[in-house]
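Please find the structures below.
Here chain A shows up in two complexes: once beside chain B, once beside chain C.
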Partner chain A sequence: MKIKIIILLILPALLTGCWDNVDLIDINLVTALGIDKSEDGKIIVTVQVIEPAALQSTSSSQGKVGMAQTKPVFVESYKGETISDALISMKAMVDKRLFLSTVQVIILGEKLCREGVNEALDFLHRDYQVEYLADVLVARGCSPKDILKIQPEMDVIPAMYIKGTIENTELRAKVKRTMLVELFKDIENKCRQITIGQITKENEKTVNTEGTAVFKDGKLVGWLNQYETRGFLFVTDRVKNTIITIPMANGKMSIRVLNSRGKMDVKFKNGRPYRLSIYVDLEGNIAEYTGKKVLDAPTDMHTLQMTLSEEVKKEIAMALRKAQKEYSSDIFGFGKIVHKYHPQYWKQTMDQWNDIFSSLPTEIVIKSRIRRSGLIKSPMTKDE
Partner chain B sequence: MFRKIKRHLRLGKQQINIDTIYTGIDEPLPKNIEKVKKRLDEIFSGCDDFIQRQMVCGEDECIRILVSYIDGLVDKNILNRDIIRPVIDYLSSKQAHDEPKLVYQRIKECVVSSSDFEEIQSMQQAVYKIVSGDAVLFVDGVKDALAVNVKTMQGRQIDEPDTEISIRGPREGFVENLATNMMLIRKRIKSPNLKFEIIQLGVQTKTDVCICYIKGIANEEIVKEVRKRLKKIKTDAILDTGYIEQYITDNRLTLFPIVGNTEKCDKLVAKLLEGRVAILCDGTPYIITVPYIFIESIQTSDDYYDHAFFASFMRLLRSFALIISNLLPAMYVALVSFHHTVIPIKLMITLAASRQGIPFSPFVEAVLMITAFELLREAGVRMPRTIGQALSIVGAIVLGEASVAAGIASNLMVIVVAITAICSFVVPPLIRATMLLRFAFLVAANFLGFLGISFVAVAVFIHLCRLRSFGIPYMAPFSPLTASDIKDSLGVVPIWAMLTRPKILFPENTKDTVGIKRQEVDEISED
Partner chain C sequence: MEKARISSLQLFMLMTGFLFGSTLIINPIINAKNDGWLAIIIGGIGGTLLLWVYATIALLNPSKNFVEILRSRLGKVLGNLLALLYVWYFTHLASLVFRNFGSFITTTTYLYTPLEVIITIFAIVIVYAVNSGIEVVGRVSELLVPVIPVIAVLISISLVTIHDFTAFLPVLENGIQPVIKAAYAFLTFPFGETISFLMIFPHLNKRKNLRRVSALSALSVTGLFLFIFFRDITALGSHFIYQATFVPHITSVLIPGINLEPLLDVNLLIGGGIKIAICLYAASTMLANIIGADDYRKFTTSLLTFCVVLSIWIYENIFEMFNWAEKVWPYYSIPFQIFIPLILLVLSLIKKNKTTLTDSAEQ
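Entry: the complex of A and B
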């Protein structure tokens, strides 16, 4: 009797079948996702799918015998009412189940962004498969499909190549790297407007990931170029390592910034903000010097530091001017400080903050220090 | 179902008339030596190795002496030296008496030059002594007989055991001879507290089985229990301690070993000193120890001879290997079939590429490969040593290379099975348990992924925690948590810090137990 009951208990577990049991060879690994809007208001979804077997045989150059050489990557796009609709309808063309956990980059089209990025984010947030750490980029001047279609020579998988370039550019502080999870956090946040890295197509083989897309209330309003992006990153304390080139008396000098700390503040007087303050502390080494002057006096270093500060200040001012005057979007997150330290004021002015932000005067304080001059002190060629 | 089988077996046992071979001869020894001879010939009819040597002497050949023994069991040299020659010398000397009683007395007291003899009165005893290798000496006209131990000590040399290899430490292993084994233990523990209790088991074989323990250290309750359980055994034959093991275990259906066995002298002695009880059996080098708890499976004698750091690391490694050997194929199947989302992309590409073109599902593939490996292992154990090389070549080529090249198994599956195999060899006592559990985990993984694995794991743990070995919880010292025993579990403390014996072996009135303390703390602090 006891045994019968046990068997009865075990059977349903075995008889339910394995609805979730999917073999790896029955899924298509999607490495990149492109989302754009068509002229007629429909969503165009582009997927970049890899063929692991073909990939391995191209990388190890000893393919399995008897297997036809297929291309390691294919790109398909489909038009649908919504993203999920397009993805499901795409099965008309794709032979296996699309698997989104391997998505490395998500590229948003310019048109979609101009009309509001929220539409795309809903699906990405709702679906359990989507990888939260995927990098998000906005395609400038071309469609996401154009970018996903490139055939890079450096990596077989375009998505991995793009991810690699973002990582590089982020280290150089020329792009604001945005992961999907950050977007989810910031999209509803009124203290800080979202910014997403920008991607452009150079040619059929390469892309360029420099610059940043600026959003206001979830809609794309404009762009920051690479220098403005760096200024923006200095303020938001995201600079890790970058080269700043400053003009010298006869030649140029490049400073490698190794350490930088940015801080923001909103100064209040009589319960109203009257100034935005930005403080940046940075440290660097001399990376290159094409001038001829010997730099050995302490005063030389002092003037060098001054010049460096001026240069950084210029970039920050540029970014600030664009955000304030052109786009009127608080991408830096000054709102956060107001929210934190002046919650009463924030509650009243939450909705007009972008306008207030645009109208406030600014103050930028840069403290820079040059630590070492590299392995040599004097320039290669001295003054005759 | 099992109950039915048991009942059936019990019925079958009753039909065997126990002690058949000895019941017919339950009689006193006849006085007349001719009658004795005739009776013994009757009993041993058809046994051509049974020899009776008669010696006749004295006036009118009035003194007749009969020596009965089994050829091969006795050492002929000793027999001649200690019995035949002295007796003949005595009989032919002038001191010889005529009265049979006096002759017998004389022979017993100062002629037979053996240290080990026994007087016997019945035919039953005589037969038993003869079959166990003694020479029995009868004197005409006397009711008693003399059984002299002239056993030959032939047997295997004391050797390093093949099954338990240690890098450091004594290399002596037990042999088939019980007396030698007892000597090996006694040699290491020079104390009168070391007790050997011999009983005979097996209706046909009358095998000597010996309970060995150290009085004052071993828990008396456990010794009593061992005695009780051994006496309950009613069987035809005991050929190995494995027979005893199956009769005396607490749970006869469990996969896990709840009775330990060893072939190494130093290991056994260490277990005795911890308070365990050993059961020796004549005719086998394997000695079983009870109680046996789970953690003993990952203990080796090297752990105590080596530095505690290395030993602890090896212990952890062994526990890790145990988990891997149970779970790795199941985890692979669960990952590849269910949980794609947790695999990083680069690994995913490798995995997917290696799975490409394989006609079987991961589960089938895993079962195939593991079965192939188990077959190979079994073949390696069973086949003659000389063709071992052929097998390993076939195994390596077929399993490793050809199956991948033919597209039957994926590269990764081969690696998974290989790692599993290596890990399963790390913990020898549990090889058989993991072999079966692996399949259970695999099936669960194929149905429910990691959820299924955790279901089975929970079931296994519940079972483990319920197991008892001679009343001692199997999962001690973790369940129940015994703080002082943790010192010798997943890690091991240096030998000078092992102040107490395993407390778990003394479940009741621990304070009163004499044996709990290993060494005095004061002695250490002096050093």
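Entry: the complex of A and C
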């Protein structure tokens, strides 16, 4: 009986499963990861690590003068053969175990992207610690280390600041937000080429996330600017909110888009594709109007809607032209439609799809509605 | 022979838990890629028929367990020999399931914990459950198995924002052959493995429910797998599913803002625990019957120790494990799951006809 009780008391201790237990003070919380390639073909990994203790002191000692400020984050890089090699070898410079589950942002270098992101993604896919929902960005014009070294004023942790600027893309729709898992879905997929948001460094305190990096077969081939990005996002149904400015007679008008639905289709005739169709439905309010003409007749609204449609169409056409003529890369995912609904054709032409995509004519149909005019009806300065 | 009795509901729960078991981790239908749902439906219908056959064998031989059926139909020597083979088969199956769970946990959660430790701790709980008798295992399953669909639904609801509802298209991209292959693999794993329930069927209190309960649990598991397959493919896409080592793990990692992955581990532990417990119970009761021992509990600890050691020896690496589950297992199982049961069914039917004939002749 006694033995039974002793065994029973020991059993719960076994079931806690804390073999892999690591205390918080023994790990370095990595908030951002930068991956780039050096000139000699090695991988440079940069980590941004937060110091929880220093974070606390900065937030409590704000405004106090004369205190020794410890920095809340530190940034280190290391050159290695592969990512995992660099991360492990980096411990020559970093004191504790690097903990990757807290990674918020992953920044890829331009050189690495030009040579292909696949090798970087393998580690991120395989490692059990990596957070699949981390945001991925491509640094343009500077190395990932430069970006991670900024000291923003808006947030103590640079990674959180960068993540914030990407997250608010749903208010402006000018950068493509890409999570790691989306890359895994598309990287080996011939149906859709990958696209990643772009990040540039403004100065020592701020970054700028606008535009999109375009890839073809896993290699960076070019960029879309902010307007082309928005066109691209309209087509792929990722626009939530944005402001579109349209020219008016002696003035400008900004429309706040509140709702948008994008659809794509590939039209087939005699077993061959002959047209790419894009349908966008959008709905918006008047946000700002600097013109003079009073808008009250229903026909005014009609012409307004037409102009808005034209403006959106222009942006989509710009994005399409770049993807088709300049980069020849099906970033929209028309191939997915072909694959799903015309599998026989897809099987034969899978490898040449990007060329076929580039040669197809396009048709863009925009339906826009302007619902409300805000708190005032007529413009501030009237044309008498 | 112990006098344990289990109710129809308990049998249903045991079967559902058993079928769910480790199939979630190593699912043979992945080889059919987009058409996995077709493979599930075909395999599920086949599985239901197979369970029907097993239940019919049990009904044609009332109040006899598997060893007694084998002996009475095939003679004492051959029956005992085959029963011994089945003991090996169930022990092997239990160790395979052990290994699947150990690999899953060491890959996703406890990277530095030795496989042996995880498996041994798991084994201690199971040997305790089996020694307590089949009634206890039945009651435990009644309590725990309903958790499985709840967790599956919970994860699916959390994922509703990430979806592509046409991801299962195109239908039959690579022809029907991979679908049939996957469906067959799905039939042998998990449905065919329920042959071990022939040791449990005699304990059912209402025997007339037997066929209905087996068919119902096979169908409901098919439905659950169909649901899970659609969840995974809408959230991940076919290519990603094919590439992932453990699909449901990745699906649960995708949920934004909350980590539901431990719930998945709970799911697997429930299903796997029941599966190993039943395999062990079947193996040890069969062994006891062959030898003529009065209590199967004398064999459980030694058999399970053997299982644990075997599960660690059996594969060098994880690729071997997948290769075995997908390529070798379906063929290795043919005699155990299909051949011998069908022979038993035919022999039992002949016997039954004879007895009814002699009965009517006597009258």
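What we mean here is this: the second predicted complex is superposed on the first by the 356 of 384 C-alpha atoms of A that agree within 3 Å, B and C clash if a C-alpha of one lies under 4 Å from a C-alpha of the other, contacts with A are read in each partner's own complex, and residues count from 1 in each chain.
Simple rule for what comes next: a contact is a pair of C-beta atoms (placed from the backbone, for glycine too) under 8 Å apart; a residue touches a chain by one contact, two chains touch by 3 or more.
Just so it is clear, the model here is predicted, and its values are computed rather than measured.
When both complexes are overlaid on chain A, the residue A:Lys322 reaches neither chain B nor chain C. In the superposition on chain A, contact is made by A:Leu11 with chain C only, not with chain B. Contact with chain C, but none with chain B, is seen for A:Lys340 once the two complexes are overlaid on the shared chain.
Judged by the touch definition given at the top, the superposed model places A:Phe184 against chain C, while chain B stays out of reach. By the touch criterion defined above, A:Asp20 lies against chain B and chain C together after alignment on the C-alpha atoms of chain A. Contact with chain B, but none with chain C, is seen for A:Leu29 once the two complexes are overlaid on the shared chain.
In the superposition on chain A, A:Lys145 makes contact with neither chain B nor chain C.
Touch criterion not met for A:Arg230: it reaches neither chain B nor chain C. Legend: residue contacts after superposition of the two complexes on their common chain; A:Lys313 is shown touching neither chain B nor chain C.
Shared contact residues of chain A with chain B and chain C: 14, 20, 128. Chain C meets chain A in the complex at residues 107-113, 117, 121, 124, 166, 169-170, 173, 236-237, 239-240, 243, 250, 253-254, 256.
Against chain B, in their complex, chain A makes its touches with residues 3, 13-14, 18, 20-25, 27, 29, 31, 50, 52-53, 55-56, 64, 67, 99, 101-102, 104, 128-129. Across the interface of their complex, chain C is touched by residues 11, 14-15, 17, 19-20, 125, 128, 132-133, 181, 184-185, 188-189, 339-341, 343, 346-347 of chain A. Per the touch definition, chain B reaches chain A in the complex via residues 1, 336-338, 340-341, 345, 348-358, 361-362, 407, 446-449.
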